[in-house]
Amino acid sequence: MSGMNSGRRALLGGLAVAPFVGSARAQSAAPYIVGTLFPMSGPNAEYGSVFTAGAALAIQHINADGILRRPVRIQAEDTQALPQQAVVAMNKLVSVDHAHYVLSAFTAVSKAVAPVGDRARTVMVNGGAVGPDLSGLSPYFWNVIPLAHLETQALLPFMIQRGLKRVALVYVDDPLGDAILGILRTSLPAAGGSLVGNFSVPRTAQQFAPVAARIRQTRPDAVYIASFGAQQSQIIKQLRDNGVSQPLVSYSAMNIDSVRNTPEAEGLIFTTQSTDFEGGDAVTRRFATDFKAQHNADPGTYQVNYYNAVRLFGLLAQSLERENAEVNGENLRRVLLAQREFDLVGGKGRFDDLGNMSAALQITEIRGGRLVKIG
Amino acid sequence: MTAPLLICEGLSRSFGGVKAVAGVSLSLTAGMVTALVGPNGAGKTTCFNLITGNLRADAGKAMLRGQSIMGLKPHQVARQGVARSFQDLRLFTHMSVRDNVLAATETSAWFWQPGGAAARRAREAATEEALARTGLTALAEARAMDLAYAERKFLSMARILAARADIWLLDEPASGLDLSSRRRFGELLKEARRQGVAICLIEHNLDVVTELADRIAFLDQGKVLAEGEPEAILRDPKLAAIYFGDREDAA
Amino acid sequence: MTAYLTNLASLGAIFCILAATLNVAVGYAGIFSVAHAVFFGLGAYAGAQVSLLLVPDALLAMLAAALVSGVLSLCLALPALRVRGEYFVAASLGLQMMAVTLFSEAKTVTGGIGGLTGIPGPRLFGVEVSTLPVALGALAVILLATALLMRSSFGRTLQAIRDAESAAEALGKNVAAAKALAVAFACAGAGVAGALFAMHMQFVNVESFTLDQSVLIMAMVIIGGTGTLWGPLVGAVILLSLPAGLAFLPFIPSTEVGAVQQVIYGLAMTLLMIFRPAGLVGDLSRGKSHA
Amino acid sequence: MLFLQLLLQGLQVGALYALTAAGFALIFGATRIFHFAHGSAFTLAGYTFLFTSQAGWPWYLGGLASVGVATLFGIGIYWFVYRPIQRHEGSFFTVFVAAFGVGIVVQNLVGMFAGRGFASVDTPLSRATEVLPDVYLAQVFWVAIGLSLVLFLLLTLFLTRHHAGVALRALHQNPDLLRAYGLSSTKLSLLAFAVGSALVAPAAMLTAMTSGLNEAIGHHVMLISMAATIVGGVGSLRGAALAGLMLGVAEAVALSFVDTQWAEAVSFLVLFAFIIFRPSGIFGIAQAR
């Protein structure tokens, strides 16, 4: 439930920014538009609020610092995480709002909007979806999140070391799940483990007790869950309720409130990007402090990612303003490939030729509703 | 006397142990009006349903011009020249009067009707003729649901006229009609009889029966109790007792 | 701006086709299908595969889509011949749910949830064209065909069956054939819309062909008015422009826009059924029960 | 053992399906209204229970509140939506569309006010323990089975002994009988909606404890109830309940034969097959045509 609350708070935060943006707009030129293609309704709406909170804080910081000559403003479009709505929204962002930069999320949505942004040469940045097929969708499609195959790879040595060699996989039947299945099939035996069972579930499934029974049959050492959204907590709770007592492991999609607040998720192990909020550099500390002040909660990976995505825009646009070049997709891309490395939350972010950011990964465990770094 | 067009022999049908129709034999001859008479629940409408294929018979057979029509689907029976009306009319309520009648002339379910323009003109002519004979020409554009009671009854007849069938099965076609409408209905029926249509009608009004029927088949509890000339049947006190026994409004 | 409007107009035309064809089944034949998105999807996959594997020709894609959807419409015609009313709605719901599972699993054809990407845009005889004229052309052809058919004997047959099936049978109408044909026509039209959709979006996945989509199409027909030529189009335009219209209402918090929009269209469906069951365009008597 | 495990799990889910299906069948049998918003009553009842338990109410008070909300919803939708439509002779499709609209409204309002995503009531009842080698059973299993049995017994008694219950059964078949009992059909329809909707509350509460709730859950409940009513044979409460149980078991047991992703499709395959091959259902006498 508190996911919702933080969402609402994020909303209030956004409203608080609005008057400021308005006055800034009056003073100077029209604002830079950062469009968002997030689910604001439907079963994945929890993510929309989370993503928006990160992006909104970054805009607040950029505007407050005055690093750009023009203010930055969010133009939110609801996709419901559905491709059709997303294409309509993307077209609106590109041709009505003339967005300078678009934040995307969800694999299907990203794949659907990529051709539109590609044609319009508008930069789209994903900080939420981790489907490996998101790499290289378009020169203008960047990822500020390590894609899932990297996360799964990073988890394998840890599992073997812990003696979690027999792994059962519960996965949603989509490209993400398929990719994780593929990695576990090939890399797990290579690392000395084995995939003892794989169980695909439809996205809309609610009942996992029978799946739990099937999983128990395979006598695994650990169960890897590759799902996202509301379904994750349901899977966790029902596996635990139905006699699956083995460690549960997963990837960064678990880093949402509804999972952390599920009592059964205690002990859940998953990979996330490593961010040291206490120590670390000034950018990270400022983000963590201000986020906590606004939302009364620790920031999650997604907030970091979308903060970074917007911050990246600020830095790139700043460079372009300095050389008096127009802030457009081509120029943004040119500067990105020229500079490659940026001071972002969590340390230096490096981008490869395809626009994928690599980041250090860490392994965390949920203990008492909080994330604890364990590897 | 010409050979009967439709012969039914031993038609039977029961519903959950109750014999609704038990061995009914009936024959319909061109140019003759046969009335099915009997108390409510005697199995009259069920007989129609067995003939038209709306119900499967448990036993018995029905021959149309010497060919069995048992097991045919309702629309196939209809295409063999058997037209029927329903007690509750079942008009095409949202369609215009003309379309109701025109629909009766078109039997192909495909996107178009066979026969080209000539056939189309013939269907339209048949429609206009049926409308004229039933006195509905002035109401041709009205919607069926907006008609008055008697007009609906005549529309039901117009559909049958336009269908060009040679056997008519009419389920209480005159019930509830006022005197002048009843007279017009009588004229319609007599004209059809002259043209050689074999007519079978279910009718409760014995005045109508006496006026129009050439023969009467008296049904009770699924069986034909008596068959013959109207005067002979209606004079039989035993049948009268059965008939009036549980009905008071028949007269 | 023009690109945005062109895109909206293209989607509008595609949904007009969907609503208009569903109306043939619902409004004229009394076949209340809640599985129209299934045939939309079949057409989309067929069109996409033709474009991907053979040639990216719009006409060919639409033809293939119409064929595939039309032939497979038998899945819908079968229950339509067996049952009616609530039962048929239930059957079509069942079909819709099964189809979504099939679409998700038949990955070689549909790409599953990941979908099919890189579908070439529409071409006519080798020349790249925008979707809008093609979609408008298809819509015009389908509307014309619908208008002609519904005024012909076939339309009379369907309406007769809708109003009184047994009487239509008694007048020699082959009810099974007429229903199957109506369903095939409606589904083939949905297939054409699917092919256009695939070429326009250049990406399709199963999420566009779910029960929600079927309900949306149905709501278009109902809100506009069943059994009229223009009603479904009015409904499609209204429901498609609802999100855009709501976006301009400043007092709705942006995070709730989607939900508010859903609530509005849910409310519209309910209130319309209570106060104006014939829809916005339809005449009032039409909402009443068909015997 | 896997089969036994799946069977037991199927029974637990099936018992809940049976309750919702019985409610749906009761309403449909008595009023001929295909109550497509039945799932909304489930959603509302479930969230009521969730909120009351979060607010620290004891479970029986929460349960009472949840039954109350479901009942009120049932009565409300009949009074404000179905009755006006029926008054102007709306066709079944008009009713269907209106109900579907209500379902959409409820789902989104719940999402707006209760939050979107997964929510569950935490209870030790749902934690399974090993009762046989490799067979796990939670106490909630016995609660679900016991509760369903008791409710069916009560319902049967009500429908056969109480004069209003008898009248309810007769409502569709023989309206004349009503006058003999001195009851109006409006009152009886209200009763059917009240009782039918109240039946979903226990199922909603147990679901809140086991698989958890989300705002879209009503959809699935509605589909299952409808499928069970048709498979069971319209007009037969027993049939609907049995079919609900059967669908629950089929969904679970199917997993010992097919891959997990097909489980959901099983119910609808069963429904589709029944409509094509036996539209009158298991116990049905009335033919759909």
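As written, the chain order gives the labels A, B, C and D, with residue 1 at the start of each chain.
The criterion applied here is as follows: contacts are C-beta pairs under 8 Å (C-beta built on N, C-alpha and C of every residue); 3 or more make two chains touch, one makes a residue touch a chain.
Protein names from UniProt, one per chain: A = ABC transporter substrate-binding protein; B = ABC transporter ATP-binding protein; C, D = Branched-chain amino acid ABC transporter permease.
Worth saying up front: this structure is predicted, and the values here are computed from it rather than measured.
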Co-neighbours of chain B and chain A - touch as defined: C
Chain occupying the most central position, where position means C-alpha average: C
Centroid-based (C-alpha) most distant chain relative to chain C: B
Pair exhibiting more inter-chain C-beta contacts, C-D or B-C: C-D
Whole-Å separation of chain centres (CA-atom averages), chain B against chain D: 47
Length of the line joining the C-alpha centres of chain C and chain D, rounded to whole Å: 30
Geometric centre distance via CA averages, chain C-chain B, whole Å: 42
Approximate Å spacing (C-alpha centroids) for the pair chain A, chain C: 35
Set of chain C residues in contact with two or more other chains: 101, 104-105, 256, 259, 262, 290
Contacts with 2+ other chains: residues of chain A: 41-42, 45, 173, 202
Sequence positions of chain B contacting 2 or more other chains: none
Which chain pairs touch, all of them: A-C, A-D, B-C, C-D
Touching residues on chain C, where the partner in the complex is chain D: 26, 32, 78-79, 82-91, 93-95, 97-98, 101-102, 104-105, 211, 215, 218-219, 222, 256, 259-260, 262-263, 265-271, 273-274, 277, 287-290
Partner chain D, residues of chain A touching it in the complex: 1, 3-5, 41-46, 173, 199-202, 204-211, 213-214, 216-217, 229-234, 237-238, 240-243, 258, 262-263
Parts of chain B lying in touch with chain C, wherever the complex brings them together: 52, 54, 73-75, 78-79, 83-84, 86, 89-95, 99-100, 102-104, 106-113, 143, 145, 159, 163
Chain A residues touching chain C - in the complex, by the definition given at the top: 7-8, 10-11, 14-15, 39-42, 45, 48-49, 52, 76-78, 80, 82-85, 87-88, 91-92, 94-96, 107-108, 111-112, 115, 120, 131, 133, 172-175, 178, 202-203
Touching residues on chain D, where the partner in the complex is chain A: 2, 5-6, 9-10, 12-13, 54, 108, 111, 114-120, 122, 126-130, 134, 136, 138, 210-212, 214-217, 220, 251-252, 255, 259-261, 263-264
